[in-house]
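Structures for review follow.
Both complexes below contain chain A, partnered by chain B and then by chain C.
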Partner chain A sequence: MQINYLKLAAAVGVFSSLLASSAGADTLRMAYSAAPSTVDPFKSSASPTASLNEHIYEALVSRTDQPLLATSYEWQDNTTLLFHLREGVTFHNGAAFTAQDVVYSACRMMYRVDGKKNMLTSAMSPVTDVKVIDDHTVAFTTLKAYPVLPEKLKSLSILSASQADFTVPLQYDNTGDCGITRYPTRAQFESGEMANGTGKYTLESFANTGDADLVRNPNHWSDGGNWDRVEIRSVKNSGARMAGLLAGDFNLVENPTMEDLESLKDDAAYSSTSTPSWRTIFLILDVGSEQAPGVTAADGSNPLADLRVRKALSLAVNREAIVERLMGGMATVASQFSPSYREGADPTMPDLTYDPEQAKALLAEAGYATGIKMELNVPNDRYINGTRVAQAIAQYFTRVGIEVSLKAEPWSVFKKGRKNRDFGVFMYGWGHPQGAAQMISYAFASRNKDLNLGVSNYSNYHNADFDAAMEKWAVETDKQASHGYLQAAMQVAVDELPGIPLYYQHSIWAHDSNLTVVGRPDERTFADMVSPK
Partner chain B sequence: MPMSTIKRMSNILWHQYKTIFAHYPLALMGLVGVGLFILVALLAPWIAPQNPYDLMTLDIMDGLLPPMSKLGTGTTAWLGTDAVGRDILSTVMYGLRISLFVAFSAVIVGTILGVLLGLLAALKGGWIETIIMRAVDLKVSFPGILLALMLLAMFGTGVDKVIYALIIGTWASKARLTRSSALSEMQKEYIDAARLAGLANWRIMLRFLLPNSIAPVLVMLPMSLSGAIGAEATLSFLGVGVPITEPSLGLLIANGNDYLLSGKWWISIVPGLVLVALVLCINVVADRIREHNNPFLQPRG
Partner chain C sequence: MLIYIAKRMWQSLILAFIMSLIVFMGMFVVGDPVEMLADEDFTEQDKIDLAIELGLDKPLYEQYFTFAGNILQGDFGVSYVHNRPVLELIIERLPATLEIALLAMFIGLSIGIPMGIYSGIKSSSKPSRLISFLTTVGYSIPNFWQALLLILVFAVFLKWLPASGRGDTNPLFGIEWSLLSIDGLRHMALPAINLAIYKICMQTRLAKSGTQEVLYQEYMTFARAKGISKQRIIRRHLLRNILIPIVTITGLEVGGLIAFSTVTETVFAWPGIGKLLLDSIHMVDRPVVVAYLILITLMFVFINFVVDVLYAILDPRIRYQK
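Entry: the complex of A and B
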């Protein structure tokens, strides 16, 4: 019998090339841990939706302050913010990008579909006008000094005005009417017809399950995307997500559990990347109420109103042990309420110390050596290892003589209790996409509607020095000076402890070991943070 | 109660025990197993090396230790520890306590409720019977776990809430069973005689109807018990049952579930095996009792 080796070789060749193309060295398959809800870039700032939309649309400036569609920006005066736009940029449909597109996108952001707010409806309300200066310069005018505007505008995706009907020139008004007769609908976005951004990838298909297929935009103004094709799927269950990675369905998965990572350690085909994120995990204490809900002392007072008690709580917690034992080292011990590595924060602030003996002494000095009962509330499905950390904190508090009962509830139940102010002590996490002051400006400042301070002051905390620093911060357009005010306020918060900072969460991705992943601190997953080795 | 009555009662029980379990070694082993589990559960606070519900005695530095490791306090964790430093052996003992307590209370209360409603339906008839039996139909048409999940979602979690949810899960089948056997008793002459003697309804119900129609329900009891243990474990596994700091067997299994892939098997395997053994023992006993009471399976002789 004669074997035709040539044919055999050819067959093998065809077969292996088939294999290679189906394995797709230039296709990236990612599994998100939650499903993107829409391709409409104005609706939701939730991380999975924003992650998907970032592939398709771009903002003027990136969240990490890199220039995107604007090459630079400056405050012309206290109330006028100038953006100098990049030239030679085209949208996916071929239309050229000009200043008019920025005005159009700002109008769309303010336009309420069915009366519902968009992600920047409140944040952009101080903006009185958005004006085309020339084709590549645009000016945002505000009612009064509003220095956080550039940070807020990092979430303004730019859409092409070429697909809308309006009368030229476009006149901005903050109802979003702007003389525009028709905006793209959600269905038009999701069919891909109007999903027309300048991003590195164009949308090929989107399903209402959140599945999206994207292809490389060959005309992007930079070198363009790392991948010819990107497929995004969502798998909510972490075990199933990991199984998908091991089975080769995905090249990269979000948020593997610590336990999964441990099992991955011995496998050379996979590795993981961990990046410190902008999310701080902390406890909020009701320090201002006569009676903190769920917290009682023998003498009927609110023990949390006593600074010595708060200091004792902070000293009682061994953050080092939590990070090492419960988080497997994938977290950073906190020194303050924003991550110390976030721009604007003081990176030299000392770590908060652990000293249970001193904690007991402080409690005794305050007259609360025994008798404090505390309900500790925590969402059980929101933060990495959240319930285990809460149990550890309950242990530490118990050991200095506080009677703790732990209430772990699903997020949907928890967030109602928080909103109704039913919690005297609760565990919470806050990302800081808008800078190091984001959390404390909302959570610890006295309510100031004009300056948008203190919206979430569940601590009922009021301190004149803190408020003064925050009020100056809220109107300061000079970066250096604003960081100074922020750091002064942060120092007060850390001295006075209206909350207890615990640690900074890390974002983790598990992936094929032939990929290089440069993780992002803002908890988003973007195809171009991944590249083949 | 006079001595003679107690003696007679214990004689009957002994006789019953002998006829049911003698010559059936498997069932006897099951009975011994159930006894042991109940004993361990009752004595847990005295024999467990650690009180896993006392946060004071726990240390996360002792977390995730494999079996036979030494804890910071010097005691040995024979079966290892979980993530927050609970000794698995002690936690299983305490968990057994909660699981058995929840199951027993739910089944006892649920059975009393069901039997009384079933008797009432049989005796009264008319619209009372209609309401009770349609309520039974409604309850039976829902999957039990789904109903319990809905109740717990509405009323919040906690040991007491789990018991309520399980009571609502158990009463209906008991009511239906009691009613059907009571209906057949109602046809018999002694009930007519009692009626003619002018006895009150409640007296007929409790004095005559109850003892004569309860046998099938009693046969079903052990089965319900193991069902309730399983249901409690399921609810706790799903995170809507007992509090996280006072785990029952189901919650223990859920805690360890995350670690199965990383080789820390002891956290969920140990409570899992205990749960299986407990339910198995009860079921073996239950099977034997059911067999004994089945007229078609009576040994000829």
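Entry: the complex of A and C
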């Protein structure tokens, strides 16, 4: 039920540009598309909450591998990761930042607030110890080789040990007990009293509706903090969010719709920024089951088990057209399952071609020239233009002789269906926050509990070469070698197509045209992405 | 009257119980909270742990009994998403909804009733025809579309009023009210008008048809024949007699405004309970949805009860003996 009131706006567009209000240069007002739920940094990993918290707290290393509170890190041996910490950093409350704060933060992450596990603790599960080496060196020890730890630790926001009561020195354990007698309460976080990080902004107020006001931290270790004041609001309805921008309530809004952007082009007061994100949109095919749910062939077999059929499906889709026509150029054609521009991925991976004639020939060769019926499942409120893309794909498949019925459902319903393995073919997007290998190691590897591989293998895909490469990747702490294994596995996945890569999604912001926005690939919206022109 | 009240209360308890069953089962079918909360990199074990923590590993009937038992002790559960007691969440959001609903109802009544009586008395006059035309239009335009038009005109073109949010609030009785600050009132204006338009149209029509019916009753002719002034006839004889349907509808509508202003609250990002309900449904935050709907059921029962009492006051012929 998307109403494009902007088309009306365009009719009298002259007025709106004449009346465009200029915002106070020192205050940035942003509208998120979903509300942050808390300022406790470990309670939720959802993007809006993480975006807000990043203004207040910093991790050791940023999501884009920039040094934050750690100036460098290295693997001392296979199971010991050393972080060298930045000196001269202070928390918002004035306390100096030392190695002990890192131990405390790890403890706080593992601590059960009100008896409930923090959502982010799975990142820490193989960690057995966090030790202070000296004031500015800290060591993480793991039970066994755990090379993705530096990636996982990007979600460990650093809090100040000064907010808890304990007897020095802290002794890390995975229950978060650590010898701490009192942790700050949730209410203290939410009132802002304990929202005490090292970030570029300090929290002035937070409401349970997700509204947050922030002010610049003048003592930040960098000269960062582009804005004296930042106001974060959230407006879920995309039309209303855009109206807020046009009405001058906001300077920047997240995730405008393609239609709204189209009308925005005529208005000099506003512009938009689109940044390639880490999210890949792809189809998952159930290739391993006797019968893929919702997919049938005339002879009763699972057609997706045949590599020729999968190749035909990939050949049938015109990715260029989807990106250019449906996404207005604000997406990048995919040639593999993680963005080619993501560190570790092979940037030279050749494009997946579009050739419906060859697709038909392959289907005929496999004996499926006709008779394949397929249900294509897609969440209708999750990905930019997701349903329309799925409609286009359904049409492409129909053109090569496959009978497709499209089933678009809300995210909550869709996720349940996916979990119950009700889907033979579904569209999905993966943000790869923990590196280029994350998605394929979860989605296409055989289940290996020890190495945590294949957790979401909805393709029921098993390939010895692929598994071998992933198993080596999972224990390799040397970056170059690990990239090599990843690329070998990716090559197998692209050759064998247990899924079909479609495109890499972009993050889009609409904003006042007097702002410069340098977007981030991790789909977060941070005040310092934005600066006055 | 006492027996009547007792009976009403008993009925409402049964109603709340049935409602809780329906909602609980309904929410069980839609979505899986663990899937919604879990990170993409959760292992099976992480998900099982989470399910145990939320009590979702138990069979449905057991979950229901735990839930119902807790409610009887006044504990409506803890939100999965916000990790806070549901009742606390709802109560915190309630004032925002209450003030906007009551303001909208006030606008609706104070414009709708006089307009309806006028067009009922002078039903063939030009202004009266204009009024029926406008009310038809107001009725037929969908609520969310009106909201977007209001935003377009008053926020985007004229830039008189803000398009979203609640603005500054001031405290009264320890609760924050937008009604008490200029900025808050500016923020309230558009959502309140949006909610009021439909109410104005409805009250106008109710008052009009009531007036037309009452106008030709014998006691009206008699009153006129007695030479009572026009003002007095309207106030004492007409208004009082058309009020019964208006009170009924107003009661239900106030309930509806409080419970289901979800569209308006969503479009204007008004942080009331309607928005809370919608967000919670999206996130499969079962405790919030179930508790919310049960409380709403109780509220409707209460409103209906108040309406019944008002009947008795308005029309002495109505008695509740049985």
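One rule holds in what follows: the second predicted complex is superposed on the first by the 507 of 533 C-alpha atoms of A that agree within 3 Å, B and C clash if a C-alpha of one lies under 4 Å from a C-alpha of the other, contacts with A are read in each partner's own complex, and residues count from 1 in each chain.
As a convention for this text, a contact is a pair of C-beta atoms (placed from the backbone, for glycine too) under 8 Å apart; a residue touches a chain by one contact, two chains touch by 3 or more.
All of these numbers come straight from a predicted model, not from anything done at the bench.
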Chain A residues touched by each partner, larger count belonging to chain B or chain C: C
Which of chain B and chain C A:Lys144 touches, first, second, both or neither: neither
Partner chain(s) touched by A:Arg421 [first = chain B, second = chain C, both, neither]: neither
Chain B versus chain C as contact partner of A:Val404, first or second or both or neither: first
Touched partner set for A:Ala394, first chain B, second chain C, both or neither: first
First (chain B), second (chain C), both or neither touched by A:Asp249: second
First (chain B), second (chain C), both or neither touched by A:Gly239: both
Which superposed partner A:Asp211 touches (first chain B, second chain C, both, neither): second
Which of chain B and chain C A:Glu262 touches, first, second, both or neither: first
Partner chain in contact with A:Ala321 - chain B first, chain C second, else both or neither: first
Overlap of the chain B and chain C footprints on chain A, listed as residue numbers: 239, 410
For the chain C and chain A complex, residues of the former touching the latter: 30-32, 35-37, 39-44, 46, 49-50, 53, 78, 81-84, 89, 92-93, 144-145, 148-149, 151-152, 155-159, 162-166, 266-269, 271, 275, 279, 281-284
Touch list for chain A against partner chain C, complex: 1, 3, 5, 8-9, 12, 15-16, 19, 21, 31, 35, 37-38, 43-45, 113-117, 119-120, 122-123, 186, 207-209, 211, 233-237, 239-241, 243-244, 246-249, 381, 410-413, 415-416, 418-419, 430-431, 434, 438, 442, 449, 452, 455-456
Chain B-facing residues of chain A, complex: 239, 242, 257, 259-260, 262-263, 321-322, 325-326, 380, 387-388, 391-392, 394-395, 398-399, 404-410
Contact set on chain B toward chain A in their complex: 55-56, 58-61, 63-64, 83-85, 157, 239, 243-245, 258-259, 261-264
